[in-house]
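Order of writing sets the chain letters: A, B, C, D and E. Residues in each chain are counted from 1.
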Amino acid sequence: MDNEAIIKSTGSRIDEEVEGGIWSKFVYVWRLLYRDKAGMLGLAMFLIVVATAVFSPVLSPYDPLKQDLMAAKQPPAWSEKGTMAHILGTDNLGRDMLSRIIYGSRVSLTVGFFGVLIACSLGMTIGLISGYIGGRVDSFIMGGVNMILALPYLVFVVFIASILGRSLFNVILIFGFTNIPIFARITRGEVLRLRESGFVESALSIGATRTRILYSHILPNLLGPLITIATFEMSGMIFYEAGLGFLGLSVPPSTPSWGNMLASGRQYLTIYPWIATFPGLAIVFTGLGMNLFGDWLRDVLDPRLRRTKR
Amino acid sequence: MSEHIRSQKPDSTTENQIMVRVQNLKKHFPITKGIIWSKQVGAVKAVNNVSFDIMKGETLGVVGESGCGKSTTGRAILNLLKPTSGKVFLEDIEITALNDNELRHLRPRMQMIFQDSYDSLNPRHSVAKIIAEPMVVNKTGSPAEIRDRVMELLELVGLNPNHAVRYPHEFSGGQRQRINIAKALALNPDFIVCDEPISALDVSIQAQIVNLFQDLQDQLGLTYLFIAHDLSMVQHISHRVAVMYLGQIMELTSCKNLSDNPLHPYTQSLMSAVPIPDPTRERNRTRIILEGEVPSPSSPPRGCVFHNRCPIAKDFCGDKMPEYKEIIPDHFLACHLADDKGGSLITV
Amino acid sequence: MTKILSVKNLVIKFHTFDGVVHALNNVSFDLQKGETLAIVGESGSGKSVSMLSLLHLLPMPPAKIENGEAWFYGAGKEPVDLLKLNRSGISKIRGGKIGFIFQDALSALNPVMTIGRQISESTMEHLGLSHAKAKEKTIKLLDRVGIPGARQRYDNFPHQFSGGMRQRVMIAVSMACNPKIVIADEPTTALDVTVQAQIVDLTKELQKEFKIAVVWITHDLGVVAGMADRVLVMYAGAPVEIAEAQDLYANPQHPYTIGLMNALPSVKGHEDSRLTSIDGMPPDLMEEPHHCQFAWRCPYTFDRCWKEIPQQIMVGENHVVSCFFDVENRRPRGHV
Amino acid sequence: MQRYILSRLIQSFIMLVGVLFIVFFMLQLTGDPVALMVSRNASPEQVEELREELGFNRPVMVQFADFVSKAVRGDFGMSLRHHQPAMELILERLPATVELASMALLFAMVVGIPLGLLGGSNPGSIWDTLARGAGLIGQTIPNFWLALILIMVFAVGLGWFPSFGRETRQFMGLALPTKSVILPAFALGLFTMGQLVRFTRSAVLEIKNEDFVRTAYSKGLADRRIYIKHILRNAAIPLISILGVQFGYLLSGSIYIETIFSWPGLGNLLAESIGNRDFALVQAIAFFTSLVVVSLNLTADIAYGMADPRIRYGE
Amino acid sequence: APQGTLRVGLSAMPNAIDLPMSSERNAHNVSWQIYDPLVWTDDTGKSVPALAESWTVSKDGTAYTFKLRKDVVFHNGEPFNADAVVFSWKRGSGTKMQWKDKWAMAESVKKIDDYTVTISTKGPNPLMLRMLSEYWAMVPPKYHAEVGENGFQKHPVGTGPFVFKQWKKGDRIIFEANPNYWQKGFPKVKNLIFRPIPESATRVAAIKTGEIDIVTRLSAEEADSLKGLSNVMLKTYPVDRVYYITFNNLTSGKGKPTENPLVRQAMNYAVDVDAIIKALLNGHGHPIAGFVTSGNWGYDKDNKPFGYDPEKAKQLLAKAGFPDGFEIDFAAPIGAYTNFEQVCEAIQGYLEAVGIKANLDLMESGKYWNMEAKKELPPLFGDSWSEATGEALPRLKGALGGMKASYSAWSDPKIDDLLEKIGTTVDDDARAKLYVELQGYMMENPPFIYLYQPITFEAMNPKVKDYKPRAAENYYLKGTYLE
């Protein structure tokens, strides 16, 4: 190999991670994914939901908020009285089910994504501090985290709902806050493990500062386990949103969210079953996709699995 | 074959300057009870009152059974663990008196190669990044200079330059140890603590690495503290060897003395237990097999820490710890049974 | 001498994500009753795989036995091919006829089961002992392998033992049912020299006492020198040399064996300040071997080495080597 | 060990007080219940009179001090809506919730753990597919939706179970569960079952590769013994702490299930009393549920230590 | 002799089964089965003797003298007499009592002799007898003194047709027939069991499976789904309840366009109440024109609802100076009334169509009512008000009483004046005229967007006979029997 070229490519590597490696990594990951049919399926399902959310305006035949009381409670197209105008039928206000399901994916994904983002970033920070500083600070912080676990969920939800009202943001806030403990605990555990690891000591021995050790050594190694929980939690939050819908404390009812649709449709379950069934299926579908994908991710990120590589 | 260059003091060119001086070094790990109001109920005396000097350009070997405090000694010398008491000097700087910041600036001069070659490499960093990190941290040059230095180091330790873009898990144990060595050398240190750098390696690779260490010493005039539990390798590479037991040095002397005239009963049994790769000799020699197991460093026996396993222990050995002193020139020993003149002991 | 085990043409491959690992390529050897056979070779050369495969202890998949036979002469009158046994058949052999000692005794013992139970479990299974009888036998056994206060220690957990004692427990586990063969996979690698010496001595004693054939896997040539009757040297998934211990040390024939011998420092001799190392790295087992696997690192290669895989050649009584080159005489060997 | 438990107890106590404090202030901030307590035709003077009488016009800190000083004596005050001591109301409802949550946990364990074991021990097999499927379904089906469907199918359609309510059978002074608990426990436990299946499965997959399992095989033990005595026994240790946390989840999940099945438990009561701003009752329930969560975690930790001989708390 | 067990499903958990403490309809209904009032209101709305044999009213209409029955004992054997009436009044008007305003309508209750009492009011009160029959439950003074308030809550005692047996909180309330009931031949069932089932879908399931004999408060769709089942009989009747959107001119609505009556009219025209009823109530409701419902005294048949006329609404808006509409805040409670969130959403949609942007804030109900009582709600908010007395007056006073009423957000001198007159006019016909006048005024000057009066849906097992719920969703079960 041309020495100049090597030095050049290696050199850029020193400054920054470079393209070639990432590409080969990508190929590698793709191969792992390709092998795992369930993971593949999960990814496909997940991508479908994401695409639905992104292209909602294009995909949905109607405005999801458009009411037509005269056309209310139409069954899906394939049933006797259904029409092709509303493929999945209409709800009790005559809004198009399909359009609402499509737009609902936006709420679900937003809640899932930002909820996880908040929970993860707060939980991670807390876990990092707790694990890295240790001692009294650790027991203090972890006491607080356990307190969140012990705090009755409903009290908190009602508190947020009545102080701040119902909004997408508040739903995100609720999930973001109540899911801090899981991220904090995992992070702390990992930090405790990583703190004792050889490469941290090795970094210490070359005179690296604490900050550098945190950012350059501990954080990157945390990402694996955190990404895994994040996918699980994301599907979890879509599940929890349904629960909030049941309590009538999810996003404002006009906002098409699967949880709200499911909750308000439940009283029609026997007579207009499609109103509650489709959002339920949408939740299960998305949850399945994320979980399958998350399972696969967990397997791939398991170092033991990676080690068999060579 | 040439004279045993390594069995004597290093070359006279360095004029017997002291590189590292360790005085009464102690490292006790507290054992605590309770979670909130924890209190100390005891201590693991991992290193207990250890003193020695290492000359410039010398290799001091440290041997001893697992858990006797070898790694802890190495770490405490480099202040990776704050010593409980005692002093460590690097040339004339008292390392143990420095604050964190000053210590960081001294780090480039003293490096460590860690026991576990895999664990000490961050699995998410490329080799180039790993080797460059010491230089980046200490800002030793421009990116271009650092890049060149990385290339140079890779070559020095016998790795291919295109290995730089790979990740640790893509290497074999021997190669990983080379990466560790390159990293340790990056800052041109004067002194390196090598903590069992070869024990995880295959026989055929061990020789490669040992040779590399020696070559580097010859080229760069490095000083090593070489920790191992394989006596034959230690003897091969070291000028002098310290034998540790339960956090203390039992005997410290030149390699030649150690094999020809080991004084401490523990050293003797250790030497006899090292298997010799020669069926005839191995089967016909007598071995001093020690009874029992190494006591726990949190509750070492009273008196001489070795007396309860010592094949020649006398009653008074359990009374107090023998003094560690230079019994004959260049031969340090801690045993009650050494005679005054420092001559031979009651041999087993 | 009579054979107790005869392995022929064993080929094992691992089918992994990244491709096929050619772990064992044509391994053949015999084991005699009551002897100690040491298997040496560096990490990844297939020492463990070859032994684990006999007792179906390899994870399958990814492992796959592509070829080979392993005749065991210790179960009844007729020899059985271990590789062809079904689940219940091999269960009877495992532990009952062939015992195993693993390298890391701490992880090889169940951390949440008392060591006593872990030993008596096996005797209850194979010898059909009652609970009480099994316990008595276990205590005797613990006593025999040198655990002081065996009766009290029966109810201890593995973490309460030191490394050496754990390895003694492993020995007791492997010998609990009076097996014909004990396979010890690097039993002393994690131990200190003084403890290693204790374990080696203990094994030798027990072997004599119970007339067990021992397969001792290691890469420490010093230990081998002390205890092996015969030695099998492996390199990259194939045996390169099999010889009686004395013979092998005195007269190594394969360039790899020679290299290994030279790479050792000696306690007494400070002959040279430099060790003689074997240059290069072991080969990548991902590639199907088409020639001698040592050729890359061998100082004696000639064209044939790059074309064919060497077969086992008898070079003396009980001395087999797989090499085209006659190092002693500095010339290629003639065709066999 | 005793020291450990003691210090954990103290820790738990501090946590409980903390939870009470937070709950108190959260409730205060959501507005007082006086408006809800009077008839709609009551005049503002009458409302103010009641507010005075109940002490809601005092400064918040004074109210909290008053609350704490009573609470330490076990007096959580009178339920504003039910006009009865909050503690009594809770103790009356507690057995139902405990019954539901523990039956749900039991169901989750009895189905989840063996299924996880089967799946983990034969990865890729039909059992594994079943286990993974059950695990995923359990974790994605919204439980209140499931509850309604269960009622429709098994109570209305097939008539196998009552559609609501709790029936018990008295036996030697104990109220034993009857089949009325089956549907709610199933609906509530399904999520936990999913968690357990997944957890057990991955624990088994992991432990299966441990060296000591290979040792067990090398001893010639029967597969069943290996799976139960060696693999499951080791998987059980982390499982214990999972169970502790799961029980907490079951308690909060019971709000939905209890409401749907009209199960006379605490979740039902909590939902109602928050809606009515029944401060005393909410605080008392919060205290109880966090007490349960905290003590379960404590128990789980201690059980963890007992199940794993390697752990010796600070000794 | 009484026979069988009647099982009634409740839509919420009663907070108490003691009438003066019971805070909502379910608790009220349960409580009345163990108590009796002095007078009853019969099915036609007439006051008839109950614990009082007869009564006389003073000329000025401020003093009622009751002759009490002499043969009545409480469930615990304590005799019912004048002392019991005096005590009941004292207790009922205590501060912490739920209905103290109803008891406090009496200025004094005097014992004349053991079986005669006089109840005096401040001024003439046409609703006094109705109040007595709806809220004044008679309780035993000695027993109350014995067990204390707390003990009484746990085990209430009355003179009523049923005797309290057991209350498993959250699960069931068990009553038994009172064998000594003074009214012979009543009650007709032996056991009476109430079971709270808050989730309406579960109530539907329970009536289908026959686990419950009577369930109330079903949604229209749920009722539809029960049609045609042989073991379920539906019962529907209009409830004396109005749904409306309040304008606020007391606090947040000051200075808002809604102060202009044209705007308020426009907003009434903008909402298609019929469509809402059709879609969200499955047609089960009646649009209203004012606060007086069809069953109320003084209802004006000729007073027609606004009807849906968006064009007119736009014109009116333009006339009022808001051709482009305006923006306004709008609040409604969650989970308080069947489908009401959706109704409000629909209204939001209709207002939008005429250019009024209503920012709907659906609030957690506890917070909502707290704010409503504190008059902190936005200029537009949705609510509902039921009335048990058969006249609209309490509702009108409560919702339009200006600053003097806790739940009011409106003040209009003309309305105040009319209400004052109605409240003191004892003569029924004169009162009816005043009601008609008020209804006319409230169409021109609407303080609300009038929505609808709902039809409620109940279902029962066909074997239940003589179950006669009334317009306020209240019922007395002493005459109900099982076939």
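What we mean here is this: contacts are C-beta pairs under 8 Å (C-beta built on N, C-alpha and C of every residue); 3 or more make two chains touch, one makes a residue touch a chain.
Because the structure is predicted, anything quoted here is derived from the model rather than measured.
Common neighbours of subunit A and subunit C, by the contact definition above: B, D. Chains that touch both subunit D and subunit E: A.
Between C-D and A-D, more C-beta contact pairs are found at A-D.
Ranked by distance of CA centroids from subunit C, the top chain is E.
Inter-chain centre distance (subunit A to subunit D, centres taken as mean C-alpha positions): 24 Å. In this assembly, the C-alpha centroid of subunit B lies 32 Å from the C-alpha centroid of subunit C.
The geometric centre of subunit A is 49 Å away from that of subunit B, both derived from CA atoms. In this assembly, the C-alpha centroid of subunit B lies 89 Å from the C-alpha centroid of subunit E. Contact of a single residue of subunit D with at least two other chains is seen at positions 11, 30-31, 148, 152, 209, 274-275. Looking at subunit A, residues 139, 158, 162, 266, 269-270, 309-310 sit in touch with two or more other chains. For subunit E, residues that reach two or more other chains under the stated contact definition are 201, 335, 364, 366-367.
Listed in rising order, the residues of subunit C touching subunit B in the complex are 42-43, 162-165, 191-198, 200-201, 219-226, 228, 245-246, 249, 259-261, 263-268, 270-279, 281-282.
Interface residues of subunit D, counted against subunit A in their complex, comprise 11, 14-16, 18-19, 22-23, 26-27, 29-31, 132, 136-137, 139-145, 148-149, 152, 191, 198, 202, 209, 245, 248, 252-253, 255-256, 270-271, 274-275, 282, 285-286, 289-290, 293-294, 297. Taken together, the subunit B residues at the contact with subunit A in this complex read 35-36, 75, 78, 80, 103-105, 107-108, 111-112, 114-116, 118-126, 128-129, 132-134, 136-138, 143-144, 146-148, 150-151, 161-162, 164-165, 169-170, 180, 183, 186-187.
Interface residues of subunit B facing subunit C in the complex, by the touch rule stated above, are 1-2, 4-7, 65-66, 172-175, 202-208, 210-211, 214, 229-233, 235-236, 255-256, 259, 269-271, 273-283, 287, 289-290, 293-294. Those residues of subunit D that touch subunit C in the shared complex are 209-212, 214-223, 225, 229-230, 233-234, 237, 307-310.
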